[in-house]
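Structures are listed in the sections that come next.
In the two complexes below, chain A is the common chain; its partner is chain B in one and chain C in the other.
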Partner chain A sequence: MNWFKKNMWWLRRIVELPIDIAAFSIIAFFLVRLLPGDPVQLSLASRGEGYTHAQYEAQAESMGLGGSIWHQFANFVKGALVGNLGTSTVSGKPVTQEVLSRLPSTIELVTLGLGAALIFALLLGFLYIRSSNRTLRSAIRTYASFATSIPVFVVAVFSIMLFYVILKWLPAPLGRVSSGTLPVVTGFPILDEMLTGNWAQLGETLVLYILPVGSMMLTYTPNLLTQLIGGLDRELAETTTQFQVAAGVGRKWIYISIFRRSLSSVVVVFGLIFGGLIGGAVTVESLFGFGGIGALAVRSVASVDFPALQGFLILSVAFCMFVFFLVDLVNMWLDPRRRPGVANQED
Partner chain B sequence: MTHASPDAPPVREAVTVQGMSIAYVSDDRYNAVVNDVSFSLQQSDRLAIVGESGSGKTTLAMAVAGLLPSRIAKIDCSAASIAGKNVDMSASAAVIPTRRQGVSMIFQDAMTSLDPVASIGHQFRTVLGSLTSQSRSQIRKEAVQWLDKVGIHEPERVIKLHSYEMSGGMRQRVMIALALCSKPLLLIADEPTSALDASVSRRVMDLILELTAELGTALIIITHDIDLAREYTNKSLVLYHGHVQDFCDTAQFGDENRSPYTRSLLACVPRLNSYDLDALPTLDHNAALTKEA
Partner chain C sequence: MEISMTQGSVALSSATPIPAKPTHAQLKHNQLKHTAQPPAAQPGATIRGSGTARKMLTIIGAFLPVIIIVAICLFAPALSHFSPTTTVGAARLSPNAKFWFGTDSVGMDVYSRTLYGTRIAIQFAIVVAVLSTVLGVLIGTFIGLTESSKGVISNVGRVLNKISEYIIAIPGIILAIVVVGLMGSSNFALITSLTLVLVQAPIKLTRVEILQVKRENYLEAAQMAGESSFESAFVHVIPNSIGPALRNLPLIFGNCVINLAALGFIGIGVNAPTPEWGYMISKGISSMMLGRWWEAVFPSLFLFASVLGISYSSKAIPKAIPLIRQLAGRRGNQ
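Let's turn to the complex of A and B:
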C-alpha cells in the first residue's frame, strides 16, 4: 500500500495514457470526416467513366466507408481495439502497417537531431556558468537569442549549398542508402543496420545523416538554450546557490544542483519540439530525400484518404502523448514538488 | 556574555579586515556601497553589524564570505586575514563565486536557502562528502548527529525529507546544521531570526550561540534589532550608508563616546516608558552626515 502511495505519481499517468489516446482517436475519427471531398467519388472518378448508385455503394463498402457514420464508427472501434486501423483507400495496404513502417525512421531522425541539440545546449549551458570569459558568455547568449527566428529548412538549404555544392565534402542529399536493401527488424534504419551487422552501410547512413541532424541541431539548440540560460541565470541569483557556496558544498554538486533546478522548462520545450517534429519533420525529410511519416500525411490529405489520415493522426498523437508522459516523469523526478499531491503536504 | 577570562587559553584571531570598500558594478559604472570598513574579531567574539536597510550590512557580510562575484561587485581591501593567514578579499572572477575558506553564512529565509529539490540527507552529503572522504554511511551518521545537535526530533526520519515538508523553525535549524557541519572559523548570520516568531527566534539564537561557542567559531550577526545585538553579541559595528559610525564593545553601546548617529539610533529603540513621550524619536540623519564630512 505504501509503495503504491509513494509511486502514485507515475502509476496514475500510465493508467491515464491509454484513456487519453482513446479519447483522441474518437475525435480524430470525426475530425477527419470533416475534410472536404469524397474519397469514394474520387476513386470512381479516377477510372474515367460514369458510375451508378449501386456501384458507388459497392465501392464505399469495399473502402470501409459504407453505411451511416455510426456504422463506420462501430467498425472503426471494433478494428482499433485489435490494432486494425483500416485500409488505405489509395495504396490498399493496412494503415497500421503503413504508418508503423514509416514512423520509426522519422522518430530516429528527430531523436538524433533533437538529442544532438539537447547535448549541445547542455554543453553551452555548462560553459556559460563555468567560464568567466565575458566574450564567450555573451556569444552563448547571442546564439540563444536566435531561438525560433530561423526555420530549419533555411539552415538545411544553406548547409546543403555549403557542404555539398561548394565544398563537396558530403554526399548528395538523395535519401538513405539502406532504404529497401535491408531486412527490416525494428524499422529504425540505424538500429537495423547495427542489428544485422551491416557496418559498411551503417557508415554510409551516418555520413548521410550529418547534414539533416546537423541542421536540426543548429536550429533547435537556441530554443533549448534560451530556456536553459534563463533558468541558470535565475538559479545563480537564488539564495540557494549562495548558501551552497557559503556552506562549503563541493563545486561538482553545486553545478548538478543548479542544472537540476534549471532544467524543467528545457525538458518541456524539448517535448513540445519533439511532438511538433513528428509531423513537421517532413520539410527536413523531403529536402534530404528521406521517406518518413510526414510524406504519408501529405499524401493522405491530398487524396482524401480517410483511414490513412486518421491512422497517421492516432499513431503519431499516441507517440507524442508518450513523449509528454516521459517529459512529465522527468520533471517530477527532477523536482519532487511537481508530483501530484506533494504540494498539499506543505504546512 | 563575558570576555575571555584570564585563565582561558590565549585568544586566537579569527578574522581581520582592513579598509574594505565595496562597489556594485552596473554598466561599467561603480556604485559605492561600503566605504573603508575595518574590524577584527577573535575566535570567542560575537559581532553585531547594525544599521538601517540599505546601509551595506549584507553587502559587507557577503564580501567577507566571498559570495560577491566580480561581475556584480568590485571589492578593494588593503589587508585581510582569516585565522592569521592572509586572504585576498577581492571579488571572485568565476560566475559561481568560490567559498572563502573557513567562512560559512546563513540567511534570513531557510525556505529559499535550502535546496528545494534535494533531500536533507543529500544536502549533508554534498557538504560533508566534499570535505572528507568518508563513506556514505559515515556521512549519514554524522548528518543524523548534526540534526540531533540542532534539536531536531526523529533525525532519522527528517533526513529523508525535503525542505518543503518541514516547518519554518525546523528549516532554520537544518540550515544552521548545514552551515556549521564544516566546522567553520567564522559564521555569518544575516538576519537569522527575522522570519521566525518571537519564541522560536529566541531558541534559534540560543542555539547559534551555543554551537558556535562549542566549535570555537566566531560569529557575525547582521541585524537591525538593537536589543538582539545587546543580548547576544559582545562587539558592535554600526553602519550608515556604508560608513562605519562606531566599532565598539556592545556593553559600551550607550556611553558618551558614541557617535551622534549611534546615539540617535539607540534613542529610537522603544522602551517600556515610551508611551510617556509626546512623539517617538526618529533617526537624526544629519548626525551621520556630519560624521561623514
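Let's turn to the complex of A and C:
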C-alpha cells in the first residue's frame, strides 16, 4: 500500500494515457467526417473519369465511408481495438503498418535535431549565467527572441546554399546514402547501419545528416532558449539560491540546482516541438530527400487516401501523447513538487 | 503554468494556484501565449535617452517592418515590371538588369513572383488572423460563460472545451495537412485548415479571461437591471475580456504566413502558378542543386524577412504605444 502511494504519480499517468488516446481517436473520427467536402467524390474526380452511383458506393465502402456514420463508427471502434485502422486505398497495405514502418526514421532525425538544439541551448544558457559580458548576454537574448518566427526549411535552404552550392563542403542533399539501399532491421537508419556493420554507409549518412540536423538545431534552439533564460533569470533571484550562496554551497552545485529548477518549462517545450515535428519534419525530409511519415501524408493527400490520412492523424497524435506522457514523467522526476498530491501536502 | 509565470503574465497564474499537473493543452497554449506577450521591458533599454528624437526613432522602428510589408502588398503591380503568372522571357536566366532576380525554369520573372508572393501571404494571414480571433473570442466566450452554469448548455460548453483541448494537442502542420487533404486543394480549404489550427489559442485565452471577468460585480448589476445574459455577454463580457486574444493576433498572423509557406513547400498549398513563397522555394530547390540559386533563395529571403519583421513589430509596437501617448500628450499640453 505504501509503495502504491509513493508511486501513485506515475502510475496514475500510465492509466490516463490510453484514455486520452481513445478520447482523441473519437474526436479525430468525427472531425475528419465533419469537414466540408466529399473525399469520395474528390478521389474519384482525381482519376479524371466520370463515375456511376455504384462506383461511388464501392469507393465509399473501400475508404471506410460507407453506410451511416454510426455504422462507420462501430466499424472504426471494432477495428481500432485490434489495432486495425483501415487499409490504404493506394498501396492496399494496412495503414498501421504503413505508418509504423516510416515512424522510426522520422523519430531518429527529429531526436538528433532536437537533441542538438537542447545541447546548444544548455550551452548558451550556461554561458548566459556564467558570463558577465554584456554584449554576449544580449546577443544570446536576441537569438532567443527568434523563437517560433523562423521556418525550418528556410534555414535549411540557406544552409544548402552556403555549404553545398557556394562552399562545396558537403555532398548533394539527396537522401541518406548516395547509392545502394539502407539495411532494414529496426527501421532506425543509423542503428541499422551499425547493426549490420555497414560502416561506409554509416559514414555517408552521418555526413548527409549534418545539414538537416544543423538546420533543425539552429531553428529550434531559440524556442528552448527563451524558456531556459526565463527560468534562469527567475531562479537566480530566488531565495533558495541566495540561501545556497550564503550557506557556502559549492559553485558547481549551485549551478546544477539552478539548472534543475529552470529546466521544467524547457522539457515541456521540447516535448511539444518533438511531437509537432513528427509530422512537421515533412518539410526537412522532403528537402533532403528522406522518406518519412510526412512523405506518407503528402502522398495520401495527392490521392485523397482517406484511411491513410485518418490513420496518420490518429497514430501521430497517439505518439505525441506518448511524448507528452514522457515529458510529464521527466518533469515530475526533475521537480517532485509537480507530482500530483505533493503540492497539497506542502500547504 | 510555469511558462506563463516566467513572463509575468497574470491571466492564468492568478486564476489558479500552480496545479500539480498542468495539462499539455494548457502548457501549449501558454507557450503560444507567452510568445504573444511582449517580453518584460528591460528597464532603460528602450527609453534610455528620453529625448523626443530618440522616442520618434523607436516608434518609427517599431512600425517600419509592417509599413514596408504593407507597401509591398499595395504597390506590387507598380514595383514589378512583369506579370507574375506568365512566361515573360527566356527560362533560367541569372539575375540581370531586366530580370532583377532572374527567371525560373519556365521563364517567369522571379522578382515579380516574389513581390506578389507577399500579397498572397498577407491576404491569407489577414483573413485567417481576423477569422481565428473573431471565432476564437466567440467560442471562448461561450465556453467560459456556460461551462460552470447549470443545465444542458453547460455540458455543451464543457464538451467544446475538451474538444478544443484535444485539438491543441495535434501538431498544427499535421492537422492542416489532413484537413487540406480531405477537403481538396482550394483557398477555402486552406483557410479552413489554418483557422482550425490557429483558432485554438484565442479560444483558450478568451475562456481564461472570461472566468475572471465573470466574477465582476458589474455583471450582477447588469443582470439586476434586466439585461439578458446574451446582451450582457456582448455589451460587457466580450469587451472586457478581448485583450489577450487581440494581443495574440500578430502571432496568429506570423504563424499563418509560416504555415501557408510550409503547406506550399510540401506541395499542398495554393494552386500553381499562383506566386506563393513556399511553392516557389520547393520548385527552386532542384534548380539550386544545379547552381541556379536565385529561384529558391529570393523567396526564402522574403519569407524570412517578413516573418521576422512581423514578429519584431508585434513585440515593438506595444512598447512604442506608451511613447506615442507621451509625445501626443506633450504636444497637447503646449
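One rule holds for everything that comes next: the second predicted complex is superposed on the first by the 306 of 347 C-alpha atoms of A that agree within 3 Å, B and C clash if a C-alpha of one lies under 4 Å from a C-alpha of the other, contacts with A are read in each partner's own complex, and residues count from 1 in each chain.
What we mean here is this: contacts are C-beta pairs under 8 Å (C-beta built on N, C-alpha and C of every residue); 3 or more make two chains touch, one makes a residue touch a chain.
Please read all numbers here as calculations on a predicted model, not as lab measurements.
Peer 1: Give one word, clash or fit, describing how chain B and chain C relate on chain A after superposing.
Peer 2: fit
Peer 1: Mind computing the angle chain B to chain A to chain C from the CA centres, in steps of 10 degrees?
Peer 2: Taking chain A as the apex, chain B and chain C sit 80 degrees apart.
Peer 1: Examine A:S145 and indicate which partner it touches, taking first as chain B and second as chain C; both and neither are also allowed.
Peer 2: It touches chain C, and chain B stays clear.
Peer 1: Where does A:P104 make contact in the superposed view: on chain B (first), on chain C (second), on both, or on neither?
Peer 2: It touches nothing on chain B or chain C.
Peer 1: Touch test for A:G280: chain B only (first), chain C only (second), both, or neither?
Peer 2: second
Peer 1: By residue count, which of the two partners contacts chain A more extensively, chain B or chain C?
Peer 2: Partner touching more chain A residues in the overlay: C.
Peer 1: Touch check for A:G311: first (chain B), second (chain C), both, or neither?
Peer 2: After superposition on chain A, A:G311 lies in contact with neither partner.
Peer 1: For A:F243, select first, second, both or neither according to whether it touches chain B, chain C, the two together, or no partner.
Peer 2: In the superposition, A:F243 touches chain B alone.
Peer 1: Contact-wise, after the overlay, does A:R130 reach chain B, chain C, both or neither (first, second, both, neither)?
Peer 2: first
Peer 1: Please indicate which partner A:R261 is in contact with in the superposed arrangement: first for chain B, second for chain C, both, or neither.
Peer 2: It touches chain B, and chain C stays clear.
Peer 1: Please give the least Cα distance, whole angstrom, that chain B and chain C reach in the superposed model.
Peer 2: Comparing every C-alpha of chain B with every C-alpha of chain C, the smallest gap is 6 Å.
Peer 1: For chain A, give the residues common to its interface with chain B and its interface with chain C.
Peer 2: 337, 342
Peer 1: Which residues of chain C touch chain A in the complex?
Peer 2: Those residues of chain C that touch chain A are 2-3, 6-7, 17-21, 24, 27-28, 31, 34-35, 39, 162-163, 166-167, 169-175, 177-184, 188-189, 192, 251, 254-255, 258, 261-262, 265-268, 278, 281-282, 285, 288-289, 291, 293, 296-297, 300, 303-304, 307-308, 310-311, 315.
Peer 1: Give every residue of chain A touching chain B within the complex, in rising order.
Peer 2: My answer: residues 128-132, 134, 137, 236, 238-255, 257-258, 260-261, 334-337, 342, 345-347.
Peer 1: Over in the complex, which chain A residues touch chain C? Could you list them?
Peer 2: Chain A residues touching chain C: 13, 23-24, 27, 31-32, 35-37, 39, 42, 145-151, 153-154, 157-158, 160-161, 164-165, 172-174, 226-227, 230-231, 233-234, 264-265, 268-269, 271-272, 275-280, 282-283, 286-287, 294, 297-298, 300-302, 304, 306, 309-310, 312-313, 316-317, 320-321, 324, 327-328, 332, 337-344.
Peer 1: Name, in rising order, each residue of chain B that touches chain A in their complex.
Peer 2: Of all residues in chain B, those touching chain A are 62, 65-67, 70-71, 93-99, 103-107, 109, 112-118, 123, 126-127, 129-131, 162, 164-165, 167, 175, 178-179, 182, 184, 188.
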